[in-house]
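Letters A, B, C and D mark the chains in the order given here, with residues in each chain numbered from 1 onward.
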Amino acid sequence: MTEERWQRLTYWPLVVASLAFIVAYSWQVIANLQGPDYAIMRAIMAVTWLMFAIDYLVRLGLAAKKGVWFRSHLFDLAVVVLPVLKPLRLVRAITEIQKMSKGDQLRTQAAVLAGGTVAILIWICSLAVLDVERPAPGANILNFGDAIWWAFVTVTTVGYGDLYPITAWGRVVAVVLMSVGIGVVGVVTATTASWFVERAATVSGNDDQETATRGQVRALSRQVEALVKALPQDAEKTLPHHREVEPPQTPS
Amino acid sequence: MTEERWQRLTYWPLVVASLAFIVAYSWQVIANLQGPDYAIMRAIMAVTWLMFAIDYLVRLGLAAKKGVWFRSHLFDLAVVVLPVLKPLRLVRAITEIQKMSKGDQLRTQAAVLAGGTVAILIWICSLAVLDVERPAPGANILNFGDAIWWAFVTVTTVGYGDLYPITAWGRVVAVVLMSVGIGVVGVVTATTASWFVERAATVSGNDDQETATRGQVRALSRQVEALVKALPQDAEKTLPHHREVEPPQTPS
Amino acid sequence: MTEERWQRLTYWPLVVASLAFIVAYSWQVIANLQGPDYAIMRAIMAVTWLMFAIDYLVRLGLAAKKGVWFRSHLFDLAVVVLPVLKPLRLVRAITEIQKMSKGDQLRTQAAVLAGGTVAILIWICSLAVLDVERPAPGANILNFGDAIWWAFVTVTTVGYGDLYPITAWGRVVAVVLMSVGIGVVGVVTATTASWFVERAATVSGNDDQETATRGQVRALSRQVEALVKALPQDAEKTLPHHREVEPPQTPS
Amino acid sequence: MTEERWQRLTYWPLVVASLAFIVAYSWQVIANLQGPDYAIMRAIMAVTWLMFAIDYLVRLGLAAKKGVWFRSHLFDLAVVVLPVLKPLRLVRAITEIQKMSKGDQLRTQAAVLAGGTVAILIWICSLAVLDVERPAPGANILNFGDAIWWAFVTVTTVGYGDLYPITAWGRVVAVVLMSVGIGVVGVVTATTASWFVERAATVSGNDDQETATRGQVRALSRQVEALVKALPQDAEKTLPHHREVEPPQTPS
């Protein structure tokens, strides 16, 4: 079986599993489930994790060059840990269909990925912090509204300090969220900067001022070649040097 | 009626409505109006919203391609929600009159839009937070001076935590302000970076080192053409290849 | 009298005045001077302000085009308000002496200006906040060590909230410091980004891959011209088209 | 002895000393050592500092141009103060072995250096803050877990304010950490922006649209030269202008 065929077969089951994961975790934490209900939700999450882990291992097994596959599928490894990130894979496919310049494609992908990752992480980290902080004595994040508010205050690096985690796991979640916050600021800025540099470089209406292209030089070279052919007959004979000169290809 | 004519007719009424909106909301919140005075101010705001909503729908109706118009007028949708943003539309027109390089135009527009949006949002968010927090028990943002101070501390992502919203709506306002804060840092940085890249690329005083332009290659091509015409009469006849060679146009 | 001569005459008096200003203000605030000592320090500061204001007005008067001079000397207006910024003017002169690429010059200027402005503003804002907060009841910034610590926490946008201004003027000082903090992050990032883009573009060791320069195209054009001159005598006569073709100048 | 030989001889002893430094300091602070144990750890640290100082002075002595060496080895001066930074020197060597474009090399180096510096500084600053804060009355950073958490909250500029240094030295450590935080945000953004600009500039699949290269113009110039040689014999004689025209070298 090829990797492509495997991906077609597993596509919908994995998307459903990804949604089941987020619903189960949200329900468990927000409703503060106990006893058998808690066990059911945790079981759904465990099955989802297992599915994504198996999918990852199978695809790694099917890959011809395992080292190369591993390095170019780091995002898929993140998806195994956090199945909710799965839908973000769609962004790439969607932008490649659209008629856009290469730069706009990259920027749209970056904006959607950054925005999507932040939205998903705010939701998941709110659940996770509430999950670990609620039972801790002296904690101050005690309901989902507060947890979401804390996540926004953290990811934007505002950090009022009205709410903050006090358990070790709660702090690990916070560090992940802060790091993402810094990364997103970077991506937003970089995207905007790249767009500015590109737009500012386009001097509208005066094509003469634009940078000379390779195509132009090649056309000029063909003109000179035609000129050589147009020379008087006896000149043509004395052209031993011409053959050894290559046309101006771009050396790469 | 064309969209252009509609815009000329509605221009001044909408600017006046935009100012009426901000004055009415500021007055209502800062003076903490109650009873009939409160109702009057809210009525003025409602009329303004209605005017901007009608303007938006009429222009959408007049547009030939509604989908394209919708996507290229997202800012106008934001103006319907927050009529105070209307005057920022003027920036584009003003910078296009000025004699500036394309890059400087873009940067001036970005700087004025970012600065204007931040100034307007700090004002509006201060009013909104004070409006929703003041009646809440246990709130700590209780007068307009504190609200403005809180807005600055939030938008710069400093977040001392001496003041912070405690109601759900107050927190929504805060999230909007934080997101704008991050965006503005990005735009400021990107603008500066673009200016640096452009300035650093201009090697002053040595034109020979600059990048070759399309205009230069075209002039060179005309020189070669003249050379072909200058060839001895009998050579001219043997030029069957010349016609099929196009001059070095920029292929686009 | 020309502006240049005026600047040579006033150079050292103004630098001395600039230092007197910072020493007088530091002494007054840190030693918490009262009575006649306070009056002396304030008098020194007033004289300094007067000197810088007169210098500014004289130079504005000497300028031929007052509008142009005003727009290109906005930094000098800032120096009138805060004479301590005067020494930063030296940076430009120093970097222009050094043998550096244009890009490195710009980046060094940006780094020194950003760093110098931040250092001076942290010092001045610490003094100012301490000056206005100390007498206020309920204030928490009560000694110079705390004020400096507060300034660093604010300018980096960390904002712990252990110390914060509570008076209106203290908050105005804080807003200035925060805005500078955001601006400096932008300049640091932009400088680094510009350096990266420039370095990454330099493909070491393969000159053939670099972008074609205007100088190259001009040399090529001279070669073609020489070729025209080298044509058989009778061809030379049939060159009516050649004269109307200009050499490939860069149209600008 | 040459500098190269000295570096080969001292390489492993210095790496071991660098590790001994971090282990000794971590042990001393985390286990809160007192009496003789404290003295032993401090002695190990003192020896390490001495080794790095001697290494620096010997290499400065071996250098031919001391001024140039000093300016191009500022990182080595930082390593004398903080021997733990030594391993970061390896990054440069590693990336230069890899087959990467110049831009990717720079970006990998920047990412690893920024990441490594932040990781090491978070660890060292946590130890340092705990070391100076623990004995201070009224301090709130009292165990290593809290110190690490405080370091993350500070370096990301979130600054909740649940924990903060109160001693002068603790605040100096904090200022170093905050400044690094700002610098890292800048480097992350700049790296991303540079990558965007480079990727967006690569128009895939249409080589004709790329910028003309110097190699292309040189090839074209050789074509014209061949043409001159191919001219009828009598024309060759009338070529006095040709010799004084240089081929289109890139003037640099």
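Quick note on the criterion: contacts are C-beta pairs under 8 Å (C-beta built on N, C-alpha and C of every residue); 3 or more make two chains touch, one makes a residue touch a chain.
Only a predicted model underlies this, so the values are computations on that prediction, with no experimental measurement involved.
Engineer: Only C-alpha atoms count here: how many degrees separate chain A from chain B in terms of the superposing rotation, rounded to the nearest 5?
Structural biologist: The rotation relating chain A to chain B comes to 90 degrees.
Engineer: Looking at chain pairs A-C and A-D, which one is connected by more C-beta pairs in contact?
Structural biologist: Most contacts of the two pairs: A-D.
Engineer: By mean C-alpha position, what chain is farthest away from chain C?
Structural biologist: Using the mean of the C-alpha atoms as each chain's centre, the farthest one from chain C is A.
Engineer: With chain centres taken as the means of their Cα atoms, state the distance from chain A to chain D in Å.
Structural biologist: Roughly 27 Å, centre to centre.
Engineer: Could you work out how far the Cα centre of chain A sits from that of chain C, in whole Å?
Structural biologist: 38
Engineer: Could you check chain D for residues that touch two or more other chains and list them?
Structural biologist: 157-161, 185, 189-190, 193, 197, 208-209, 211-213, 215-218, 220, 224-225, 227, 231-232, 251, in rising order.
Engineer: Under the touch definition given earlier, write down the residues of chain A that touch chain B in their complex.
Structural biologist: Within the complex, chain A touches chain B at residues 145, 149, 152-153, 156-162, 184-185, 188-190, 192-193, 195-197, 199-204, 207-213, 215-220, 222-227, 229-233.
Engineer: Okay, in this complex, where on chain D does chain C touch?
Structural biologist: 101-103, 106-107, 110, 154, 157-161, 164, 168, 171, 174-175, 178-179, 181-183, 185-187, 189-191, 193-194, 197-198, 211-218, 220-221, 224-225, 227-228, 231-232, 234-236, 238-239, 241-242, 245-251
Engineer: Considering only the defined contacts, which chain A positions touch chain C in the complex?
Structural biologist: 157-161, 189-190, 193, 208-209, 211-212, 217, 251-252
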